[in-house]
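Both complexes shown next keep chain A, but they swap its partner, so chain B is in the first and chain C is in the second.
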Partner chain A sequence: MAMIEASKYRKSLNRTNELPLLHLVMLFQFVSMLLLTFRDGVMDAFSFQMSLYLPIGTFLGLKIISKLFPVDRCIFILTAFLSSLGVVLLRAVLKTTADASDQALFLLIGYFLMILSAFLIRLVRAWEKLSVIAMPLALGFLCLPFVFGSPSATADSWVKIGGVQFQPSELIKPVLILVLSAGFSRKEGFRVWWRYVLFAGLACSVLFLQPDLGAVFLYFIITVCLFYAGTGNYKVTIAVLLIAVLGVAVFLKLLNSIDAFSYLASRIAIWQNPFSGAYEDARQIVQGLISIASGGLFGSGLGLGSADRVAVVASDYIFAALSEEFGILFTICVLIVYLVLLIRGTTIAMNARSRFHALTALGCVFALTSQMLLIVCGNLHLIPLTGVTMPFVSGGGSSMLSSMIQAGILLGISSVNAEDEYDDLMRITRGQWREEE
Partner chain B sequence: MKDMRFAIRLIAMIMAALVLFVAATYVITIHINGDRWINRANNTRLRDAKKTTVQGSVYDSAGVLLAGSSKPGERHYISDERTRRALSHTIGEQTNMSATGVENFHATTLLGFTTTRTGYTLQRLQGQDPVGNNITLTVNAELTRYIADSFKDWKNGAAVVINYKTGAILAMVSIPNFDPANMDLAVQDTAYYNRVLQKRYAPGSTFKIITLASALTNDETIKEEQFSCSGVWNYGEYSLRCAGSKAHGEMSLVQAFADSCNVTFGSIAYQLGAEKLRGTAENFGFNFDFSFDDVIVNQSNCLNKGEKSTDLIQAGIGQGTTEVTPLHMAMIAGAIANGGDMMEPKLIKKVTNPSGFVISEMEPEVFLHCLDEDTSRDIAKYMYETVRGGTATRAAIKGYEDGYVCGKTGSAEWTNDKTRETNAWYVGFLYGDSAHPYAIAVVVEEGGSGGAEAAPIASKVLKKAIELDVY
Partner chain C sequence: MAVDLFQSAALMLRYGFAAAGALIAGRALYMTIRDGGRASSIRAQARETGVIANLIVKFHGGEIKKYTLNVEGMVGAGRVCDVRIARAGLDRRHFFYEIVNGNMKITAIGHSRIRIDDTQELRETIVRPGREFIAGDAVIRFVVLRQKKAPISPMTKRAYGNTISLVLKDVKPKRVIRRRVRRRGDD
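Entry: the complex of A and B
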C-alpha cells in the first residue's frame, strides 16, 4: 500500500517537464543572435559567438545548478531568457558591440553569483546574528557615493573606484531583503523590530540625500511588504502607507521652494507636459513614446528598429526598445514571463518551512516585480521616470548582478523546499520512496 | 508559518493584478495614442523612411490628384498654384514645418507603415522600393480654392465647411498659407499654422448660440420673456455694451438673438450662473481634449480659468477667456442642424493600398449628443430669423429654396487696443436640405463686423458648394 502512495507522491515531486521550455529559450537565443550576425551585410563575429555561447551557457548553467541542488528549474530558465534578451536587445539597438559584450560578461558573472547565493542561503542559518554586522556595513556601503561619487547622471548614486563603476543601492538590495526578513520573521514584537525599521529608514534617508528617489521608493515598498508579511500588523502597515502618501503630497507642495530638488520640480513639470517643447528636455520621453508605438503588433524586426534615438536606451528605456524591436505581442509575453516568475516565487514562499525563508523569497520576487512595474510605467509615461532598471533585461552590471543574486536566493530556497518535501515523503512512505526510484 | 500565508497571498495577488493592469494599459495606450506619437514631426524614423519609400498619393473627394510621388524622396503637387496654396494646410508638406496636414499627421499611412511587415519585406527582397498607401480626402479642391479666393485682399482668417450629417470636412482654408511645392519661399508669420484646427479665437456673439441653448434647456419660460436694453449695462466697474452702444429697447428673446443684443445675453448668462453655462458648453465639447483620428484639433475653453461674475457675463457673449477653434464652431452649428448630434470630424474618406485594395473607409460617428431635438429646432429657428431679418441678412443665398439658411454673426474683440478692428465671425448651416447638409464657420481677422465681412463670404461659399454638389 505504501508503494502505491509513493508513486503517487513521486509524480507530484517530479514537477512539470522543463525540457520544452529550455529548448525554446535556447532556440530563441540562437536564432536571434544569428539574425543579428547577418543584419549589416557583413558578418558580426560577436553576435555569431553569442549565438552559440548563450544557448550553451543556458544549457550548462541549468545542468550545473540542478546537479548541485534540486532547484526550481523553471525560474532558472526564465531568468536565463530575460537576461539573454537583454544581450540581444543591446546588440540589436546599439551601433557598437561594447555594451552587449559587457552585458554578456555580467551575465556570466551573474550565473556564478546566482549559484553562490543559492549556496549561501542554504548554508547559513544564523541570519539574525549576521544582520547585526550587515546593517552598519550596508549603510556604510550606501554612503560610498558621497565619497567616490561619479557625476554621470543627475542622481548621484554611482560609485567609481579604480575604473569600476557601480551602484551601491542595487547591490545592497538583496542585503536589505535578507536583513529585514531575518528581523521581521522574529515574533518578539517592536522591541526587536525597531532596529530593522531604523535600518530601513536610515537606508532610505541616505538614498534620499543622494538623491536617488527611484531607489528610495523601492526600498520603502520592500520594507512595507516584508513588515506586513512578517508581522501581519496591518494597522501599522496602513498607517505607514497613509503617512507616506501624505509625506509625498507635502514634499511635492514644498518642492519648488527647495533648491536642492529644483531638478526634480522641472522633471515633474516636463513629465506633466512632455509634448509642449518636445525638442528640449522632454525629448527622451517623447522619443521613448514614439519608439514604444513604432513596433506595432509584430515589431520592426530584430535589429531593424531605431530605438537608439532614445537617450539612455540601454538602461532606462530598454522597455521601449523591446516594444519597438519585438512588437506588442512579444512584449506582452515578456510581461507574462515576469508574471510567471512572480507566481513561481510566491509558490516558493508559500512552501517554505521557515518564516525567514518564506519572507526572503517573497521579498526577492516582490522586489523584482515592483522594479519591473516601475520602469514599465515610467516608459509608458504613467509615472515620472525613476531611473530604476528593468530586472535582468536592462543594460548595466549592478542591476544584472543584483537581479541574479535575488534569483539565486529564490533558487536556493526552492531547493530547500524540495528537500523538505523529500524528507516528508520518506517519512510518509517509511523510507520506501528511494527504493522504488 | 500559517499566519503569513494570507499576507503572502494578498501581496502576490496585488502584484499580479498590477502586472496585468500595466499590460492592459500598455496595449490600450498604444491603441489610442500610438498614431499620434508616431506621426509627430520629431519622429526621425519618418524622415528616414521618406528616403527609401515611394510615398502614397493624396486625392480629393472628386478624385483629383493633389500630391504624389514617382520615386523615393520625390514629391509633386497639383500644378495650379492657387489651388495648391488653398489646400496647403490640408495636404501638409515634406519638411515638417506644419504639423497638422495629411502628409505630416498621416505620414505613416502614406509611407505604408500601416501595411503588414510581410508585404514590406517582400517588396524589399524583390529589390523594389516599398510603396505607401494612397489617401482620398473628404475635401473638394475646387471649393477650397474658391473659398481662399473669396477672402478680400487675402485678409488673414479661416473658413471651414463640413457635412454635418457625416462629419466630413468638405473644405478648410487658413490664410496666410504657403506653397508646399516651393518650401524655400519666404512666408508670412504663422503661415504654417492651420487656423481652422489650431487657432483659438474669441467666438464673440457666435457663442450666443451656446448661451441660448443653455437658457432654453434650463429655463422653459424664457421664450416668452421680454427683455429691455439701454445699450449699456454696468456691472461694478465692468460695463457691457451693445455694438455702438445702440439701445435695442424692449424686445423678445428671438429679437435679442437676431439683433445680437449683448446686454440681454450678458444678463442671461449672469442669471444662469457659471455652472449651468459651462455645463452646456461642455455638452458641446468645450474644455475637452479632442483626440480625433483624422485631425488634430486644439481644445476650446469656456469658464475653466476663472469664475468671477465679470468672467461669466463676458462668457455669455463669447468674450473674455472664452475661446474656440473655427472647426469646433462649425461642428457646433452642425450639431444644431443635425438634431443635437455632433459628428466626429473626418478628413480621410478612404485609404487604399498600391494595388487599389481599400484598407479603410470613412465611417460617420456621433461624437457628442449635445442637446435634445426640440431645443435644437428652436435654435435653428432663431438662427433662421437672424438671417431673415437680423444681423446676418447678407448670409442669405439668392435663389436658394431647397432649405433654410440659418446663421449667427459675431464681431469679436481680441485685443484691448481699441483702434484695431474686431474679428468678423459667421457660423451657420443649411437647414432641412438633406442633399446639402452643410455647416460653415468663417473668421476674417480684423474684418470688423461679422454681418458685413464674414456673412457674404459664407453666402458665396455655400452657393458654390451647392453648385458643385459636394457631399
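Entry: the complex of A and C
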C-alpha cells in the first residue's frame, strides 16, 4: 500500500466542527426556558433554573463524554436538543411544574445511563453468553405487570412498586436489541437463531396478553429488521411479514368478539370517523388535530397555546403540542433532526467492524425512528394511535431512560468505530504492517 | 402588564425559534453529509481498512492467492461472504472466523468441515499464525499482520490480545550485531 500524504488529504480527513451546533442548541435551551420564566406574570424559579441548567448540562455532558470516549458528538448534541425540547414543552403546555421537573430529573439520570451504556457496549464482549441469562430475566421482567400491575385506561403494561411507576416494555427494549443482535450476528443458521426468534416471539406474546399492542408492533418490527439485517434471508423475512399481515387481518375480523380487545375495536371505529360526534373518546383525536392546525407555520407562541386541552398531551400527544407551540416549520426541523439521527446511526452501523456492533447500532436507530414515526403518524391521524411515546421528547421516565440507553449504545459503538478509524489512519500515513507467522 | 410583555416576546420569538430550528437541522444535516463524505474518503484512500490478517490460499492447481481478513467474517464461495474464495471447492458459506488473541477461531457452517490434516474433520478449531488448514480443495495459511504502533481500538486490541506487548517489544529497533566473517585466506 502506497504511503499517503496526510497534508494532501487533511481537509477531507478532518471532522466537521460541532461547536456551532452546540452553541445553537444551548441558545435555544436558554432562550426558551428564560421566556417561560415570565409566563404567569411572576418569575418562575424552576424555569429560570432550567434556563441555566439545560445549556450547562449539555455543555458539561458533551465535555465529559468526549473526554471519556471519542464519540459522535453530533448525536449527543441532537439527543440533548430533543430531550430539552421535552422539558420545554412540558413546562409550556402544563399548568404545573411537576411533570417538567420530573422530566428534568429523568434527563439527568438518562445522561448517566447514556455514559454507562456507552462504557458497557465498549467493555463487554461476551454478549452471547450474557444473552442466555438476559432472555429469561427479560421475559420475567415483562411479566411483572401481571403481578404488580397498575392498570391504565387501555393496557395493563405499567408496574407500580413502592410508589415508583414504570413500563417494563420500554426498559426491556434495549435488552431485546442487544440479545437479538448477539444471536443474529452468529452465522450458524437456524440451529442457533431459533432460540432468539423464540425469545422475541414470547416477548411479543406477553405484551399481547397485557395487551400493549403498540409495544408488540415495535418489538415485532425490531425483530424482523434485525433478522433480515443479520441473516440476509429475505424469503423467511417476507414470509414472516405476510403471516403477520394475515394474522392482523384475522385479528381485526375477530376483534369485536374478544372482550379483552373491545377498547381496540372502539379505538379503530373512532379513528375511522372521529368527527361523527358519536364517540366521546374522539375528543382526543379531534383536539389533537385542531391543536396541530392552530399552530400554523410559526406556532401560537411558546406558552400561549392551548394544547393542554388534549388528553394525555404530555406523552401520547406531545407532537400536537410541539406543532401548536412552535409551528409546522419548527416541527419539520425536529423531524429532520430525527432523520439525521437515522442517517448517522446507519453510518455507524455500516462502519462498525463487528457484526454485533453493526446490528446493535442498526437496531437502536431503527427502534428510535420507527417509534417516532408511529407517534407522528398517530397524531396526524394517518394510523390509529398506538400509545407509544416520542423518543426523548415525550414525558415519562421509562421512555426517556430507554431512549437515552439506546443513544448511549449508539455513542459507544461510534467511539469504537472512531478508534478503529484512527488505527487505520495511522497505518495509512505512517507505514505498513509486518507479516508475522 | 408583565403578561402582555410576555405575550409580545413569545409572539416575536416564534420566528426566532423557527430560525433556530432551521439552523440546528441545517447544521446537523451539513455535518452528516460532510462526515459521510469524510468516511467515504478514508475508505477510498485505504481500501484495506480494518485488515489485521491475511489468508494465503493454495489452490489445487498450485496457484497461490492472498486474501485480507478483518476482525471477524465469513469465508466461502458465495457472494454473501466477506472473503469470497471461488474455484476451491468451498461451500457457499463455508466457515465463520473470528480473530481472538492473535489466533483464528474457525466455526464451520452447516455441513461444511475443516481439516487440519487429511484425516481429521473438524467443526470448530483454533488456528495459530503461520499454521495451515484445509477447506474444500484449498490449503489455507493464516498470517497475522503486526502493526508498527499498538492499536487503540478495543476491537483490534482484542484481536491481537496478549500479543500486543510482543508487538510493542518488536517495534524497538534491535541492535545489529555484526559478526566478522572469517574468510578464507584471512589468516
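Following the convention adopted for this analysis, the second predicted complex is superposed on the first by the 416 of 437 C-alpha atoms of A that agree within 3 Å, B and C clash if a C-alpha of one lies under 4 Å from a C-alpha of the other, contacts with A are read in each partner's own complex, and residues count from 1 in each chain.
Just so we're on the same page, a contact is a pair of C-beta atoms (placed from the backbone, for glycine too) under 8 Å apart; a residue touches a chain by one contact, two chains touch by 3 or more.
Note that this is a predicted model, so its numbers are computed, not measured.
Chemist: Could you look at A:Thr369 and tell me whether it touches chain B, chain C, both or neither (first, second, both, neither)?
Modeler: first
Chemist: A:Leu289 contacts which: chain B (first), chain C (second), both, neither?
Modeler: first
Chemist: Is A:Gly189 touching the first partner chain B, the second partner chain C, both, or neither of them?
Modeler: second
Chemist: After superposition on the shared chain, which partner residues are touched by A:Val132: those of chain B (first), chain C (second), both, or neither?
Modeler: After superposing on A, A:Val132 lies clear of both chain B and chain C.
Chemist: Touching A:Phe28 in the superposition: chain B (first), chain C (second), both, neither?
Modeler: second
Chemist: Is A:Phe298 touching anything from chain B or chain C once the two structures are fitted on A? First, second, both or neither.
Modeler: both
Chemist: So, does A:Leu60 touch the first partner chain B, the second partner chain C, both, or neither?
Modeler: In the superposition, A:Leu60 touches no partner, neither chain B nor chain C.
Chemist: Given the touch rule stated above, what does A:Glu18 touch, chain B (first), chain C (second), both, or neither?
Modeler: Only chain C; A:Glu18 stays clear of chain B.
Chemist: Looking at A:Arg309 after the superposition, I want to know if it touches chain B, chain C, both of them or none. Which is it: first, second, both, neither?
Modeler: first
Chemist: Which chain, chain B or chain C, is in touch with more residues of chain A?
Modeler: Chain A has more residues touched by C than by the other partner.
Chemist: On chain A, what residues does chain B touch that chain C touches as well?
Modeler: Common interface on chain A, chain B vs chain C: 232, 298, 300-301, 332, 336, 339, 343, 353-355.
Chemist: Within the complex, which stretch of chain C touches chain A?
Modeler: It is residues 2-3, 5-7, 9-11, 13-18, 20-25, 27-32, 34-39, 41-42, 45-46, 48-51, 54, 70-72, 74, 80, 93, 96, 107, 109-110, 129-130, 143-149, 151-156, 158, 170 of chain C that touch chain A.
Chemist: Give every residue of chain A touching chain B within the complex, in rising order.
Modeler: Those residues of chain A that touch chain B are 225, 228-230, 232, 275, 278-279, 283, 286-287, 289-290, 292-294, 296, 298, 300-301, 306, 309, 323, 328, 331-332, 335-336, 338-339, 342-343, 346, 349-350, 352-355, 358-359, 362, 365-366, 369-370, 372-373, 376-377, 380-382.
Chemist: Which of the residues in chain B end up touching chain A in this complex?
Modeler: Checking each residue of chain B against chain A gives 1, 3-9, 11-12, 15-16, 18-20, 22-23, 25-27, 29-30, 33-35, 37-38, 40, 42-45, 48, 113, 117, 121.
Chemist: Looking at the complex, which residues from chain A come into contact with chain C?
Modeler: 1, 4, 9, 12-16, 18, 20-21, 24-25, 27-28, 31-32, 35, 38-42, 74, 77-78, 81, 122-123, 125, 186-189, 232, 297-304, 326-327, 329-330, 332-334, 336-337, 339-340, 343-344, 347, 351, 353-355, 357, 416, 419-428, 430-437
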